Each structure stands twice: as structure tokens, then as C-alpha cells.
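There are structures below to look over.
Below are two complexes that have chain A in common, paired first with chain B and then with chain C.
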Partner chain A sequence: MNIESLFLAPIYLPLLAAALLVSAKAFGQAGKTMDSMAFLIGLILPAVCLALLKPAIIAHQSVETVIGAWDTNLGIHYHFDGLSWLLIALHLAISIPVFLYSKSNPSHRESFSIIFFIQCASVAATSLTADLFNLFVCLEVMGVTSYVLIASSDEDGSVLASFTYLLFSATAMVFFLVGAFGLYRVTGSLSYALISQVKNSLTGADLIVAQMSLTLIVVSTLLRCAVVPLSGWLVGAHSKAPHAVSALLSGVLIKIPLFALIRLLLLVTASERIGSILAWAGGVSAAVGILLALREVQAKRLLAYSSVSQIGYVVAAYGLAIEVGLESERGALLIASSLFYAFCHAVAKALLFLSIGTATDALGTKDLSKARGATASLKGSGERVPLTTISYCIALFSISALPPTLGFWGKNMLTYLAKGHGSAYLLTITSVLTITAYLKLSVLFLPSKRPVVVMKTQSYGAIHASYLVLGLLLLGGGVFALPFKNFIITLLLPLGAVEASIMGYSAYSELAKTFLTLMLALFLTAISTNRYCKRLLAKFPVPKARFADLFFGYALALSVMAFQLVR
Partner chain B sequence: MKKLELIKIVITVLLCSLLVVPIILSNHSWPTHARNYLLANAQSDTGATNTVSAIYLGYRAMDTLGETLVLLVSVTGTMAILVKLGKEQTDEETTSFSLTPEKRPTNRLRTHLLETVASKLGPIVLLFGFYVMLYGHISPGGGFQGGVIVASAIVFLALGTEVKSKLTSTFVLSRIESLSFLLLILASISGVFFESGFFGNPIKSASSLSANFIILLNIIIGLKVGTSIAVMCIAMMGGSHDH
Partner chain C sequence: MIIERILIALLFLSGFAAIVGMRNIIKKIFGLNLLNASVVLLFILEGSRIGNQAPILDADITNMVDPIPQALMLTAIVIGVCVSALSLALAVRLYKATGSLDIQVITERLQREH
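Coming up: the complex of A and B.
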């Protein structure tokens, strides 16, 4: 088996698992055995393939292949390098525990698993593709699986939330297609390599066409990453989805398109301007997201707003990296820290969604003003070891950037590298507010004076297994943060830089800063529980996902980016 | 508030068109590289006379796989929502057109006229659908188009025939659908074991018919598309309760 067949395995093996499940379902053979077999083929085997590929990517081997082995550039190019390896690994690290968790819910039938596996394949394909039209197709598959998974929730309004997301993102994809058409028109090719060859010789009207097309493509892809002002769809969609799906969508799926976009941005001549907009958009997303989270009273919506805020960190570092150029040392470090933080957030947010989801299910309410005593309720419903509470605490530490977790390293390195840019201030403020917001969420686990509510009893085996995987990733990642960070830096070097290292920096030097942040956050929490302060917060208007507003935000993002490019 | 919304919509449309118009109005000469290459090599590369087939099942088969997945997922999603809605509304409304002594499941919109025409058309349309599917590599057509025609034939049969046939049972149809999806994935993976890689043609040298892989894919995709759309349509007509 050659290297091409090996790195394409994360695409076709999940598809095979999905196809087996479809057949098993139609022939009435579906059951636990089929599920475990699909789990082995669709998730474990791809992970083995990735492990086998590790030596190749450490040696900075990158492979460009044409699907179907056509001897022409009309075919679809796939590009395998450290970036795609990392993205697929990130997805597998979250989707394996999430799949385990989803098995604990009896309402997730075979069709859930089928769509789950198809989504896995689409994520791998998005990370690997180096073809514009294929990127469109991969994003479509990823989108349509998300819509269906969101709508599969039993909660009221899930279909409407999914429909809002569908309409908004489908409309944006039409613009993506127009952009792909424009780029094909002036460059005569769909593969990134050939577009970049022609791109530099464009002048006059053709250049404007190329810039407009690129704007359409970039903004439509950023919509999937939910950067402000394109984030209106996220809160409804991610809070109404089943817990396992929320974890996957908020953890992984909003980040993959961002990093898939990097291959396209590297080809652009004026990419530093796009980078500077992205850096600011990231900072603003972080601040706006957390402010909205602070006034939210529903647990899962708070987590969803926090996702908007946390993706802001990733986008800010990503934008800065593009702005300073990936061939410089700082750029290489920034992009690595962006991906590193994406990983930290993905694991922490997945664990948060799973633990909060389980806790609110046990309590029977998501309202933070009423829900108390989750630990007791969980115990009543059959959880012997209070692992849900412990996992929540670990995830809370990580997302608040407190040692000894992975998030401590990720966030501190990111803000350290972003220093000097305006959005770094926004990020620092957000760090304080993040702790405040999560302290507000923690009231769920406070002991309650009222009698314990027990909604239903269930077995916690699969749930605990998923907690363990994610929790150990956060704690183990915290211990081995330095080698892990250097591993990511090394893998991402082929994107442009020759050498980069972050030897002179240790997050321990910022322990004082972390302490100060924590104190400030505690102070703010103390203030915000004040009656007057609560009234003031409640006066802020609640943003609603109206179509007019969503599309207005989209048009605004389009025009800002187009203006920056043409200028 | 309404006024503000209207202003937003107008600004949105203006800004979007500002970006799209230059792309549409571009007078850059059309790219010729792909056209010339396809004219010269498409037939010898893939064996298909119909260049469209050569593109969507040959050079860019991966995109086609993606679109098939989109179809599969959206049909699954639609069925799930239909089941959800079916649970909520138990009393089915009947229309004035339906015949009174009806026992078949797909009875809601049936009239004598519809029944007569549909039952006569059904078999012919089915044959035509298979023709379009099987000859996709030579003449305009192919798996997707043929599949949709097959689906409409099945819908005709479901509307028109007196007896309940196997062909219109969602149970049988979804079995065919699942098997053809499994076959599609197996066909795309098989290249991995025959040196031609993922989506490579595994039977290139095995037969004298040079378009063999394209014909195979056309049949599989045709069955997949035909059955899944038929299942969805029959379910929408209220006929999925038979299992």
C-alpha cells in the first residue's frame, strides 16, 4: 500500500463504515456488533493510518496527488502535509470520545452514526483538498451533515435552528460558487498550484475579478468559522443540537474550514491585508462573544457564545500569522500557536458540552437562575463516581487558562505572541471575562437546598469513557505541553518558514499574570452578582438570528474585505 | 423596525451585487486549456464518448461522490423530519380528490384520471430511465439523470397500479439503495488494492470495453439516486407506513 492510499484512508474508511451501517440498517441487522465494527473501521483504523504516517510528516514529506491517478491537472489535487495531518488528528481526537458518548443516548439510532461517519470523511477531505471546486463540495457535505445532525435533536426549535443555518450557509455557498467561477474564468484552473502560477501575471480588470472572487470565497468559508459578524447562526444551531453534536460542531467543525483556507491564502499576493482584517475580526469576535455569554442565562447557549469568543483567539493569531507572513519566524510561531489553541479549545469545549449536557439532562433544566445541585442529581440518576463534576472542573481550568492544563499553555503562548497588535488587548480583556462567564456557569454544580431532582436513571459507562479520554488529553497535554508545542511548530514549518523555535519562552513566567487575571475575574464575579449590575446587564438587547441581520453581516464582511483588497 | 429591516436588505443586495457584477461582466477570454485537453484526450483516457461523463465519473469522480453523499444525507434528514412530523400529527387530512374505498397507502391525491395515465406511463418511463442510465457514456445522460427518471417512474407506478408491487415498497427500495451505496464505496476503494489508488479504475485492463468503470459507476449511481428519491417521494405521499 503506497502513501497516497494511506493518507486518503481517513476519507474512505469512514465512508465504508457509513455504507456498512446503511446496509445493516436496511437489512435489519443493525445492532451493537455492527456499531462497534463501524467504530473500528471508521475511527480507529484511520487513527492507525495517521500513526503510520507520522515518520513521513516529521521528515517534512509532502505529497501532492491526483485522485484517480489521472495524468493531467484537470483532476482533483489532494495535498498531504503536516497541516492536514494535524487537522485530521484533531478531528479524530474529538470524534472518538464523542462517538462513545453518543452511544449512551438511546435516541441516537443508526442514521445518526451513518451521518456522523460521513461527516468524518468530509472533514478529512476538507483538510486534504487542494482544489477549489472540491473544497466547495467538501464544505457542502460537511454543512449538510451538520444540518441533519442538529435537526436530529429532540429539543423544540432544533429544526428551525438547523433551517436558519442551512439557509444562511447555502446562500453563502452560492457566492462561493460565483467566486470559484470568477477565479476559473481568469486563471483557467481550479487547482491551487495552477491558480498561483497565473495569479501574479493578472492586471487591470482581471485582477479585480480575481480579488472579488477571492473575497467571496474567503468570506463564505469564514461563515462556517462563525467569526463576528458572521456568527449569528451559531448560537441557535450549537445550543439546540444533541450534546454530542454540539461538542463536535463547536470543538472541531468551526475550525477546519479556517485552516483549510490557509492553502488558498498562501497563494494570494496581498494576503497580509486579509490577515490584518482577520486579526481584528478575531479580537472583536472574542470580546463580543464573551460579553454576550456573560448575560446569557441558559447553559448551552452560554457555551455556544463562548465558542464564538474562543474561535476569536484562533482567528486573531491566524490573521496575525498571515499578516506578518508565514515565512518569518514570528509568522510560523503564530500559526502554530493558533492551531495549538484550536486544539486546546476543541478538547476543552467538547468536554464542557458533554459534561454540562449530562448535568442539565440530570437536572431537567438548563436555566442557570434555577438549576442547582447537579452533582447530587447525577448521583441520584446512577453516577457512582462524580466524574461529570470533575471533568467539568478540568475543562473549566483549561478554558480559563489555569495551570496545569493544556489551555494554560495554549492561551498564554498565543497572547504572548500576539503582543503589539491592537487585538491583543481585546484578547487579554476576554481572558478575564471568560473566567467570569464560566464561574457563572459553575453554579449548576453548587449544592442545592431543595430536594434532589432525579429525571431518569441510566448507565454512565460510555459517558465516563469519553470524559476520561478528553480529560486525560487536557491534563496530559498540560504536562507534555512543550514537546507537543514543538511538534506542531515542526509540522507546520513547510508552510513557509525555514526554522522557528520558541525556546526563550515558558508560560510559567506568566503565572503572576494568570493570578492577576483570576483575581480580577473573581472581583468581577462578585460585582456581577450584585442586583444593580444584573439589571444593567439585562438591559443589553438580545441579538436574534433574523435573516436580514445575518445577511447584512455577511454583506458587511464582504465589503470590508473587498475594500481592503482593492485599496 | 420594519423600515430598518428594509434598509438592511437593500444595502445587503447592493453590496453583494457590487462584488458579483465585475465577475459576471468580465470580458476576459474564456479559458481554453481544459477544453483543448478534453477534446484531444477525454475519449482515449476514459473510453467515454460523452465528455460530460468523462469529467464527472472520470477526472472529477471525487466531486460526484461528494454530491452523492449530499443526496444521501439530505434524503436521510428529510425522512427523519417526516417521521418526526408524522408522530406529531396523527389525523391525516384527506382531499376531495381521493377515491373513497381506498386501502393503499399512497392514496391521498389519487383520481381515476391520474391512475389511468400514471399506470400506462410508468413502465415506459422506467425503461427510458434505464436507457439514459446505461448509455450515459455515449449519449447525453448518465447515472444522476437516469436515476431521477427511474424515480419518477416508480412514483408513477406507486400512483397508478392497483396491486401493491415490490417495486413501490419503500422496504425493498431502501435495500437496493443501501446496497448500491455500499457498492459505490467499494468500487471507489477497490483501486487502492489494484495499484491505481483511491478512485482509480481497478478494471482498466481487464476488459475490451474501455468505458467499463464509467458504465459501472453510472449504473450504481443511477440505482442509488433513483431509489433514494423514490423512497423520499413515496414517504411524502404518505406511503412509508407499510413496514
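Coming up: the complex of A and C.
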């Protein structure tokens, strides 16, 4: 199959689906049939296209093209290679079950689907772009659609969360634009390829301008990835959004900008310095996120804090990979394990948000100190097979890195490779605390002595279909983890990574370590009910998502990054 | 050239101060617009360093401005309008839900209901 004719399909097809729904709505023809047709065009057809492109990608073919056949200095450069393929595949793997789930929601409307498909197109475009200004446009489209989807929730406070995120992120994107201006001024171009051609000839004031511009661009993009100290907006936004949207935002949308940035970072000269900051920021995010999750008493907020913690793993491995360079074997393995873990976390977190969302809806409360007996309530509301509980258990195993799930392989390989760097210790501590935090969340499913309250009855067909897709991905991925990992390593070769395979890694010693982690976590859970322990956790300051605090975090990130680059 | 730059920087700073410091959410949105406008002006000023005529290809045009920043800024203005429209829509919903435009009052009222 011809690669040039297909690689833009993941951008065009969702846009086509959105256009179809808009016109159907305008002519009063909107309904279930149109929605299903848009689902086929916007999500299933791109998946088919990706499957057709797979042989070409394995053969390391890549396309570098200028959209609209403009001159190379003027047009927008798009680059399709293994990385873009993986990112789009990751997004489709989550968005297909999430869309199925969202259809079960009675307030599912065409306007939701329209925005959803525009977001799909923007994700695909972000993974493909090799032009700074186009990256800005893609990130803005991704952002605007996220704000709308978050505000589409019926819950109190969702609009405020969306507004806070909008104002913070839109301001940061203006700084991104200033950064793009600086780079354009000193290099005379906005495409990555042309910027990299002149990067070595920069000296004196021009070099400082270029470094400052890079700082602005990198920090503004990292804001979308919710790395500490830029993560203040995430918890409100992701916990107030509708469940399906939370799953998509927490699972995929915080990771795409990070990996889209790698094309730029690999080209600049000071990338190893940026990498070392990212490695530390990742470790700190992991630890801070999980400590905040431990003291949280609201189910979806706990999951959102855990997202901050888990993105820390991805960022730490990513930063280390850039620091040691993709040409070295360790760097190549690290970047592959970073993407691998991004995939593990995306699937597990999506499944967690969907199952916990369904369970708390059935219970009518999200408060972990009160909510018990979710399984019985779900049964009362019409769920015949307790698939919500089973899915939650699978996702719990994966996120706690217990065999036989995908997460076991992902997290253990990542911490094994990160060994030797300071943030690896933080990651190990986080692994223990993660299990403790999720055990705390599991009380939702404990049997309750109180009579079962039935909030509403509904059909669980579409919900179960989405659970099955995600659950099978976690279990199947656990069985085929090694071939999957090798597949990722092969696909990343065109980025300049070397062919590598993990040596000295033994699954048996990892099993022993996992057992130790689990025991430690159980012990911690036992003592965390102690009131001294509770008091200690209560001392940990809870960040409020006030604007001054958010911008303080942003300024802090900017100054650390700028200092590291210029020194 | 230097005076224009100082003015643009002042515009930028006043927009940023409004976003961080003002409690009224409509004023925050104004601040975002000022911020956007200052960056647009910066790009346009930069493009005019090499010429002063509109970049429309005609026979007798010799010293035209750099067309790329102008093309980029058209896109940035469109995005800015979208973001402003959406943020104003959210502001209306916040006002309807809480009866106030003050961010602190809104936060308090939403938390109390919760």
C-alpha cells in the first residue's frame, strides 16, 4: 500500500466525520445512525489505515512532506514515521472504547461527538507536524476542544475548572508564540529541519535568544503534560469532566504533546541539559502526585492526582533518554520504555476512570469515606455480569505493576533502565505508594452492610464493550509484552535510535521485587489508617488552583529551565 | 524601533497583570486579548524590518515586508477569537451558576454548594 496516499487519513477522516455530523445536525437528520456512521468514518477507518500502513512502517519508510505543495521555506512540514504511527495508534486504542462508553451516557449529543472528532484530528496532526507554528495551532485546537469537553459535564464546578485551564493554558500558548517568534528571528525559519540546519552557526546574543525561545516553547508544551510544577490545572479539569472525557484526557492527551516535542528536542544542541531537568521533574512529579493522591478522599480526584504521578514515570524515562542520547543503547531502550509505559498507563487509567465513574454513578457519591458496596449497587442498577468490578481489578493490577498485566512489564522495565539516576529512587518509592493509594480507592467495591440504593437503571451493553476492549488490551499486552516492546524499539529506529534489546533483565528477580513492593504497600496501608500517619499526611500542603499559584509554578519552571540552558 | 518595542512590552505586561491580578473574570479575558494583541504586533513589527509595502506580488513592488509573520498572525488572530469566544461563553455560564463575576466569590460559592 502506498504510504504517501494514506498517512494523512488519520487527520482527514475524523474531520470528515465531524463535518458529516455538523451537516446532519443542520439538516435535522442527526440521530443514532449518523452517530454510528461518524464513528465508522472517524475512528474505525483511521484504524484500518494504520493497519495498512504497518508494513511500510516496519520497513522504516517515512514521509517528509510539505502540505499543499508549497515551497519548502514557506509550507508546513509534516513528518510521518514510526513515532507518529505509535502515537496515533495509542490515541485510537483509547478513543474507540471511550467513544463507545460515551454513547451509553443519556446526555450524549451530536455536539459532543463533533468536538470529539475534531480533537481526534488535532491529536493526529500534533503527532505528525514538523513545524513550530503548526505545532502551536495543533496544540491550541487540542486545547480548545478539551475545554469544551470538560465544560460539557453536568457536574458543579466543571465550568470553573475548564475556565481555569483555559486561561492558564491560553496564556502559556502566548508565551509559546513569543518563543516561536524568537526562533524565527534568529533562524529565519519555523520548520524543524531548517532550524536544525542553522543551529550550529548561532553565536553570542543570537544563541541566548534561541535558548530563551526554546525554554518558552518547551515549558509551554510541558504545561499540557501536567509535569510538576505545571500540574495545578489538571486535578480540577480531569476530575470534573464527564467520565469518558476524563479517561481520554488523562490517558492520552497529556502524553501526545510530550512525544510531539521530541522531534524538536532531538535537533537542538542543548537537548541533554533539557533532558536532565526533565528526568528530575519526572521523579518529583511521580512522588508529589502520589502523596497528594494518598490524602485525597474523592474518587475521581484521587485518580487525577495519580495521573500526575504516573506521567512522572513517562517524563523521567523520556528525560533520561534525551540526556544519554538516543544513539546509545540505553537511550534507545529508555525512550522505547517511556512510550511503552505511556501506553500501559493510558489503557489502565482509561479503564480506571470508566469503571470508577460507573461505580460512583451507581452509588451516587464519590466520597471514599462513605461509599461502599459498589458491586451490589451496580447489580441493582441492571448490570448482570459484574464486569465493572472485574475491569477495575484488572486496571488496578496493571497500574500497581502486578503480573500478569501489561503494567507489570512496563513499570519494571522502566525502573530497571532508570537505575543509577537519582529520580529512580523517587520512582521506586512511588511504586509502593501507588499500590497503597489504589488499595484506598478499592474500598468502593467492599461489601456494604447498608441496604442497596439504586440511583437509576440503565443498559450496560456499550459500557461493557468498552471495558472488554481495554481489559483485553491490558491482559493480552501482558502476554505479548516482549514482542510489543521489540516492536516499539523497531519503530523508533528512524528517530536516530540504535537497535537494542534488554540484556541482564530477568523477569524472575522482578517478580521477587514486585512481591516485596506489594508486601511493603500492604504494610503501609495497614499503618496509614493510624491517626498519626493521617496527621502527617494532612500536613502536606494542598496546592490550590488559584491563578497566582498556577503562574508561580509556570515562572518557576521557566526560570529553572532558562538557568540550566544558559549557565 | 525601540519605542515600539517598549510599547509592545508594556501592552504585554498589562495584559499579563490583568490575567494574574484582576479578580473579575471579564477583565481576565480582556487581559488575554491584550496579551494576544501584543504578540501579533510584535510579529508584524518584526516582519516590517526589511520593507514597508504590502506583500501582494505586483510588478512594481520592490521592498515588501516579510509575508510569513503576517500569514502566521492571521492564524493566531483566528485562534485568539475562538479562545475569547469560548472563555466569554464559560464566563456567562459561571455568572448564571453563581451570580457573580468575581473569581474568589465564584470559587467560594461553588465549594459551598459542594
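The rule is short, and it goes like this: the second predicted complex is superposed on the first by the 553 of 567 C-alpha atoms of A that agree within 3 Å, B and C clash if a C-alpha of one lies under 4 Å from a C-alpha of the other, contacts with A are read in each partner's own complex, and residues count from 1 in each chain.
Keep in mind that, in the parts below, a contact is a pair of C-beta atoms (placed from the backbone, for glycine too) under 8 Å apart; a residue touches a chain by one contact, two chains touch by 3 or more.
Predicted, not measured: the structure shown is a model, and the values here were computed from it.
When both complexes are overlaid on chain A, the residue A:Ala401 reaches neither chain B nor chain C.
In the superposition on chain A, A:Leu167 contacts chain C only, with no contact to chain B.
By the document's definition of touching, neither partner reaches A:Ala244: not chain B, not chain C. Touch criterion met: A:Leu177 reaches chain C, while chain B stays clear of it.
In the superposition on chain A, A:Gly157 makes contact with chain C only, while chain B stays out of contact range. Contact with chain B, but none with chain C, is seen for A:Thr145 once the two complexes are overlaid on the shared chain. Within the superposed three-chain model, A:Ala336 lies out of touch with both chain B and chain C [touch as defined at top].
Measured by the number of chain A residues touched, the leading partner among chain B and chain C is B.
By the touch criterion defined above, A:Thr187 reaches chain B but does not reach chain C.
In the superposed model, A:Ala205 makes contact with chain B only, not with chain C.
Residues 74, 133, 137, 140, 144, 147-148, 151, 159, 178, 181, 184-185, 548, 551 of chain A lie at the contact with chain B in one complex and at the contact with chain C in the other. Only residues 5, 8-9, 11-13, 15-16, 18-20, 22-24, 26-28, 30-34, 37-38, 41, 45, 55, 58-63, 66-67, 69-70, 72-74, 76-77, 79-81, 84, 174-175, 177-179, 181-182, 184-186, 188-189, 191-192, 196-201 of chain B touch chain A when the two sit together in their complex. On the side of chain C, the complex with chain A involves touching residues 16, 19-20, 25, 28-29, 32, 35-36, 39, 42-43, 46, 68-69, 72, 75-76, 79, 82-83, 86-87, 90-91, 93-94, 97, 103, 106-107, 110, 113-114.
Residue ranges of chain A in contact with chain B, taken from their complex: 1-2, 4-5, 8, 11-12, 15-16, 18-20, 22-23, 25-27, 65, 67-72, 74-76, 111, 114-115, 118, 121-122, 125, 133-134, 137-138, 140-141, 144-145, 147-148, 151-152, 159, 175, 178-179, 181-182, 184-189, 205-206, 208-209, 212-213, 215-216, 546, 548-549, 551-552, 554-556, 558-559, 562. Chain A makes touch with chain C in their complex at residues 74, 133, 136-137, 140, 144, 147-148, 151, 156-157, 159-160, 162-163, 166-167, 170-171, 174, 177-178, 181, 184-185, 190, 547-548, 551.
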